[in-house]
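You will see chain A twice below: alongside chain B first, and alongside chain C after that.
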Partner chain A sequence: MSIKMEQGQQYTIIRILNDSIDALSAKEIEQSSGQMQQSTVLDFERVLFINSAGISALLKLVIEARKHGKQLYAANLTAHHRKVFEMVDLTRYMPLLTEEEYRAKTGR
Partner chain B sequence: MANEAGAHIQEQTNSIIGTSNDVVDITIPSNHVFERIARDGAGLVARYLGFSDERAQDVQLAVSEAVTNAIEHGNKEDANVKVGVRFLVLKDKLAIQVIDQGEGLPADRINAAKPSIESKLAQEEESPRGLGIYLIQQLVDAVELQTNESGTSFTMWFNLGAAAQQERAEA
Partner chain C sequence: MSAEQPQLEQPTGIVQQIQRGKVSPNDETSILQVRLMIIVPLGFVLPLILLLLGYPAVALAAFLAGVALLLITYSGVALRQRMDTYRVWTFYALADAVVIWLMSFVLGTYFNVFLIIAIVEVARIYRQARLVVITGLLVAAAVALEGLLAGLANAGGTMRLPLIAYAEQPGFAAAAYALTAACVGLSLSTFIDRYTREIISYERVQQTNAAEMHVAHEIQSSLMSPRELQTSNWQIAAISIPARDVGGDFYEYIPYFGDVNSVGGIAIGDVSGKGIPAALQMAVVRTIFRIEARRRILPAETLNRVNQSLLTEMPLGMVTLLYAFVEPKEGVMHFANAGHNYPILLNGTVRELKLAGLPLGIYDETEYEEQSVPILPGNTVIFYTDGVVEAQNKLGEIYGFPRLLELVGTLHDHDPKGVLHEIMDAVRVFVGEAEQTDDITVVVLQHSQVKQ
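Showing the complex of A and B:
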């Protein structure tokens, strides 16, 4: 498994355990969309690499979230990945949480 | 290097190879597993040349995008067809060429406008792709596309910083 789901009362945390979000790992990430709650945090702490195939998988999660009125957030992104997300405007649809916001939202 | 890919790369790079001190060639089957080898190789070369960690990650991502493009759109994911990746270390820059054996791309592909994420989301695209070339354009110092009916060559240029140039001059 390259992802680990943690369910809380009001949120889901999707921890991505694979160090690369690319064409090979995209499918499993896309398939996690069915388990999103009203508020879902994607935790990128272990991710070292993301390319456009990976961003495409994340966009599919955003599409699913929007369809069902849910909100996706990103946490623990590296500075490089933050830059890339901003280049393609992904942060508009998947806002980045600070550590404090992450803790406040999930109690962790 | 496989013969066909090697010949194609040689043809494409003759003009600059004479000015390069170091040339590294990687040839991979058109399978996404091997894209990771090209990407890791790019990171290794960039760090060896003294690029900052942030810039080395830019190099890795640009190579990943070009190789993914070559695998998917050039060689149509046929694992029997090769993608060539050539690293040319020049005095003040690193050039990386990614070459496929596909049927060629429209020449204006390199001037891709910024993709609209909003449009992809609004249309609920099944496969919201098309970001790769845009990302390459954002990450490199210069890029050149050569394409014809026997393949496409992406050459990406990354300038060495002053400190890295000095280090290489003293080496």
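Showing the complex of A and C:
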């Protein structure tokens, strides 16, 4: 498994354990969407690389999640990926959390 | 009309089998040749010599081994009609192993060491460690059984195996070594023959692939817009270097209202993925884009239409595409962005033209926004794909946005070709000896200074 799922009171936290996200690892996140709560945080702390197939899969995932009334958030992104997420408009569908917001939302 | 058609002779036998794909003519010829070259001297010439030397029992054993190997060979050929190649090779390996084991009753238990060859062959065919263990256990059981039989024969006297008794006779060792060498030669040559043919076949496939990829590269390069374009006071320089022979990056110029000598639309795109799949998708995207871009000039509207078409025609994949349209006389650039890297404007300062948008092929309800920016004489716009900022060095570090922005800040006085060279050189130096992992494309547009 390249992800670890933690269920909180109000949030699901999905920690991505790989240092890179491609179509396969994004698929694994997608497969866990059934267990996501209304609000879910994707924690990218360990992620150093995201290829275009990974971006594509993440975009489809967050748009699909939104259609089902779920809201995803991204936390602990590198500066490079914050910019990439912004350019592909991923942040519109999956807002970025600052460290403080992450702690406040998840109680960590 | 009933013209008499010439009757084609229906293929039979081996030809029919080849056509059904069950037999490869090369395999068939090679396997027979190699095995017969070993079996004939082993099973028919050697027994004659042994007989003449006065060892009838050993001669009989060698003859029987030869007959057995011949039967195995032709059984394998027959089995190829019903089995795939891997299974037939396994059959050869195991059957040869049994013959080697039986021969050890004549030549002594040390002969069993050559069963390793058969084990290695089986393991290599299937590339499975589990098979090695299973076969190893089977061999160990066989050796144990043989030891038990030999022990009983020597201890009891009544069950004495007749061939073992020959071990004490003069001249036996020479015959035993000859048989050993022949059996090992058979197994090894079968192994080497298969291995060699695999290599030759692999090299042929590689050569064919390389030739085809070269042609594909030439075709893709010829489809790209020219690397330089110069009109009265606008210049463009572009470069696209795929990570493999072909790639998913592209750039395109659209003439200004049909005037091929004037700058109009400039597009830069990146299909997700690399190599042939990306190149095929890129060809589809470019075709759709060209059709839509020639129908209307507004970049946002063009991207909306391309997105709809892509979701219908190419449901898989994602494409980032930035489309800018220049009004050359007014010095204005209108642009829309489908998830591509922000263009960089050099106008005395360094400014990213920040306009975000979903990539194409993701969401059918996307409506792209459009922005306009003045491009004054002396201003330069740099378009690039993610291969520039995500170029990696051997330490795994990426070139990144900050380095690129810092570099282009020093290029205000360069012409488009100079800007292009500086960027490519900087990326090349940064990457060093590391492999290029993504396609790299850069397009530089410049509104030339009006000459006084």
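One rule holds for everything that comes next: the second predicted complex is superposed on the first by the 107 of 108 C-alpha atoms of A that agree within 3 Å, B and C clash if a C-alpha of one lies under 4 Å from a C-alpha of the other, contacts with A are read in each partner's own complex, and residues count from 1 in each chain.
Note that in this section a residue touches a chain if its C-beta (ideal position, glycine included) is under 8 Å from a C-beta of that chain, and two chains touch if they have at least 3 such contacts.
Here the structure is a predicted model, which is why all the values come from computation and not from measurement.
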{"item": "First, second, both or neither for A:Met87, with chain B first and chain C second", "value": "both"}
{"item": "Contacts of A:Lys67 with chain B and chain C, given as first, second, both or neither", "value": "first"}
{"item": "Contacts of A:Ser52 with chain B and chain C, given as first, second, both or neither", "value": "both"}
{"item": "Partner chain(s) touched by A:Leu17 [first = chain B, second = chain C, both, neither]", "value": "neither"}
{"item": "Contact breadth on chain A, by residue count: chain C or chain B", "value": "B"}
{"item": "Touched partner set for A:Ile3, first chain B, second chain C, both or neither", "value": "neither"}
{"item": "Interface residues of chain A shared between complexes with chain B and chain C", "value": "49, 51-53, 55-56, 59-60, 63, 80, 84, 87-89, 92"}
{"item": "For the chain C and chain A complex, residues of the former touching the latter", "value": "270, 272-273, 317-318, 320, 337, 339-342, 356-359, 362-363, 386, 389-390, 396, 398, 400-401"}
{"item": "Footprint of chain A on chain B - complex, ascending", "value": "32-33, 35-36, 39, 54, 57-58, 60-61, 64-65, 68, 115, 117-118, 120-121, 124-125, 127-129, 131-132, 134-135, 138"}
{"item": "In the complex, chain A residues that touch chain B", "value": "20, 22-24, 49, 51-53, 55-56, 59-60, 62-63, 66-67, 79-80, 84, 87-90, 92-93"}
{"item": "Footprint of chain C on chain A - complex, ascending", "value": "48-49, 51-53, 55-56, 59-60, 63, 80, 83-84, 86-89, 91-92"}
